[in-house]
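Labels A, B and C are assigned to the chains in the order they are written; within every chain, residues are numbered from 1.
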Amino acid sequence: MADIIVLEKMNKFYGTYHALKDVNLTIAKGEKVVVCGPSGSGKSTMIRCINRLEEHDSGRIIVAGEELTDDEKKIDRVRREVGMVFQSFNLFPHMTVLENLTLAPRLVRKTATAEAEAIAMKYLTRVRIPDQAHKYPSQLSGGQQQRVAIARALCMNPEVMLFDEPTSALDPEMISEVLDVMTDLAQEGMTMVCVTHEMGFARSVADRIVFMDHGEIVEVAKPYDFFASPKSERARTFLGQILAH
Amino acid sequence: MSFDLSLIASSLPKILQGLGLTLNLLAVSTLFGLILAVGILLMRLSRRAWLVWPARAYIYFFRGTPLLVQLFVIYHGLPQFGFIRQSVFWPILRDPYWCSVIALSLNTAAYVSEILRGGVLGVDKGFIEAGKALGLSKFQRTTRITAPLAVRLALPAYSNEIVSMLKSTALASTVTLMEMTGVARTIVADTFAPYEIFIAATIIYLVLVWIIQTAFTLIETYTNRHVRKI
Amino acid sequence: MSMLDGWWDDFFFGLVTVLQVFSVSLVIAVVCGLLGASAKLSKSRVLRGIAQAYTIVFRGAPELLVLLLFYFGMAIALTQVVQLFDPSVKFIDLPPFWAGSIAIGLIVGAYMTETFRGAFLGVDRGQIEAARALSLKRHQIFRYVRFPQMWRLALPNFGNHMLSIMKDTALVSIIGLEEILFVAKMANSLIHRPFLLYMTVALIYLAITTVITLAVGWLEVRANRHLRGAR
């Protein structure tokens, strides 16, 4: 299988703070990778570098065959192939659900409005809320908003989906409706990189688990191995804390 | 182009002769305006329509018309009526100083009452409920909880209003008062050096604005000492 | 009201002048506000310094003083420039219309600078990131994501600035522009009904500011319709 994301010796600094240290990671097409680790470990920073919401300071990032540099055209090409879902949804509040979904296809892919709306309705049905198409985001529950955000990213027909703690801002009863949609997506063969604390989801969906701490990738393992016998002391401590409740 | 820096320097002391009257107008009108504003605020917050509507009409009129026009109505307009010229108020209403004070006070009261109302509405209902739960009377809740919190919320907007008032005192020069702008206009009429004189006057106003803002920053720091991080 | 017969057409043309000064000042104020906000948000220290000085001076100086400075000051400057080419010119008058409109526009532009700057910073960063993740271009992000949300945030203050401009137009009568307050002064010198005349001026202003307030309220309802029924 072809590698769709390659990170090579990537480093990232915030001023003097060393946020990512020599990160190496290769993700194949169709693979589902869950990134976990304590807060401040650099997980979000790493996936935000993949579509260049953050700029890396050294090393190489190659996504869908393009190396990320200052070249705006390349960045645009990469972002078209990479969908992203944020912790705080970031739906555009002044647009209806349907307008949120059709904006980028119309402006970036130059899709005709009618066609863009048909595609949008297809994905809204996939995330199980086609009846909310004409509402504004503030009129939906958090779980519904996050499913709209997933559909918005899917409308661009991306090669890869990045999830940055997609359930952390949700009330407990809404988490499963979002995870169900993500599980469906995984079963359809989407390449996914997902930062999350949902270990049940990680166990059932991930091909590999990446454990990070203090800006480093400490451990990469199959879910069964990671949960049954973590190799590093830091991973054991982390799992102990997160599975305690 | 001739631009005389020494003229700016030499005109400063002359313009400063108007400083006393400027500050006098500012202080007296601010005080009267504040007292009036509290009265209007209480009317506006009342549940009785016959108190609320006059307050709303007052605010609507004074915020919807230019201060200069209000000043003209009071100073030039009122003497049209014989009963005013015969009344005991005539010595006040024929005096440009008092007419300026009246116009400035009436005008600022409309703005200040709205600023204070914003503060009152901004007070978290939870604090008032806590006061009720502790058994404080309505009067106690108003004076001990609502008022102090509302004042803190209203202070930044109130400091802007004072600055705005300072600038408005310049309009008194249109009814012959010799406050700073009036003095500056007289000097310009003599020397015809508008750039230098008006810039000199502007510098003094900017210093006064700076003093007002600094004073309010200190007051805000003091009133917000309970939220200061230790 | 019959006492005002013969003066209504003067008031009407005065009103037209007021609306002209208002329109020109509004355009200048918006342009100054956008430029000022961009300068304050720019990386250049020089631009930030200039914008800072601009807002301090024009928000701190009395409106009347700025107006007089522009009217008399610019007339002198203009005369001196023209005399370089034609020494026979004695004095050039800057039209009070332009002196007034420029002065009011610059004053209110200083307030708009702060409003636009606040609105620009008020749009959540996540919104811009989401748009970038969807690979929208910079101008598309501004047009579809940033501007509509800025507009909603800026609208209440923008409405107040429009009211300020409208009320400041009364000052232009002091430098001799024939707007409604000037008309009232002229009429008073003939018919001696000052209260009636100045009150008429006040009511005309009240009518215009009411229209502005209603229009801004309508725009606000439109800009906030996505929040209706929000949980």
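By our rule, a contact is a pair of C-beta atoms (placed from the backbone, for glycine too) under 8 Å apart; a residue touches a chain by one contact, two chains touch by 3 or more.
Molecules present, by chain and UniProt name: B, C = ABC transporter permease subunit.
All of these numbers come straight from a predicted model, not from anything done at the bench.
Q: Select the chain at the greatest separation from chain B, using centres from the mean of Cα atoms.
A: Chain centre farthest from chain B's centre: A.
Q: Please identify the chain lying most centrally, where each chain is represented by the average of its Cα atoms.
A: Chain nearest the centroid of all protein C-alpha atoms: C.
Q: As a quick test, compute the distance in whole Å between the mean CA positions of chain B and chain C.
A: 22
Q: Express in whole angstrom the distance between the two chain centres, defined as the mean CA positions of chain A and chain C.
A: 47
Q: Return the distance between the CA-based centres of chain A and chain B, expressed in whole Å.
A: The mean C-alpha positions of chain A and chain B differ by 55 Å.
Q: For chain A, which residues are shared contacts with two or more other chains?
A: none
Q: State the interface residues of chain B toward chain C in the complex, per the touch definition above.
A: Listed in rising order, the residues are 1-2, 60-61, 63-70, 72-73, 76-81, 163, 166-171, 173-174, 181, 184-185, 188, 192, 194-195, 198-199, 201-202, 205-206, 209-210.
Q: Give the list of chain C residues in touch with chain A in this complex.
A: Counting only chain C, the residues touching chain A are 124, 126-127, 129-137, 140, 144-145, 148-149, 152, 223, 225-231.
Q: Within the complex, which stretch of chain A touches chain C?
A: 51, 53, 75-77, 79-80, 82-84, 86, 88, 90-96, 103-104, 107-108, 136-139, 141, 149, 152-153, 156
Q: What part of chain C is in contact with chain B in the complex they form?
A: Touching chain B from chain C are residues 56-57, 59-66, 68-69, 72-73, 76-77, 80-81, 163, 167-171, 173-174, 181, 184, 188, 192-199, 201-202, 205-206, 209-210, 213.
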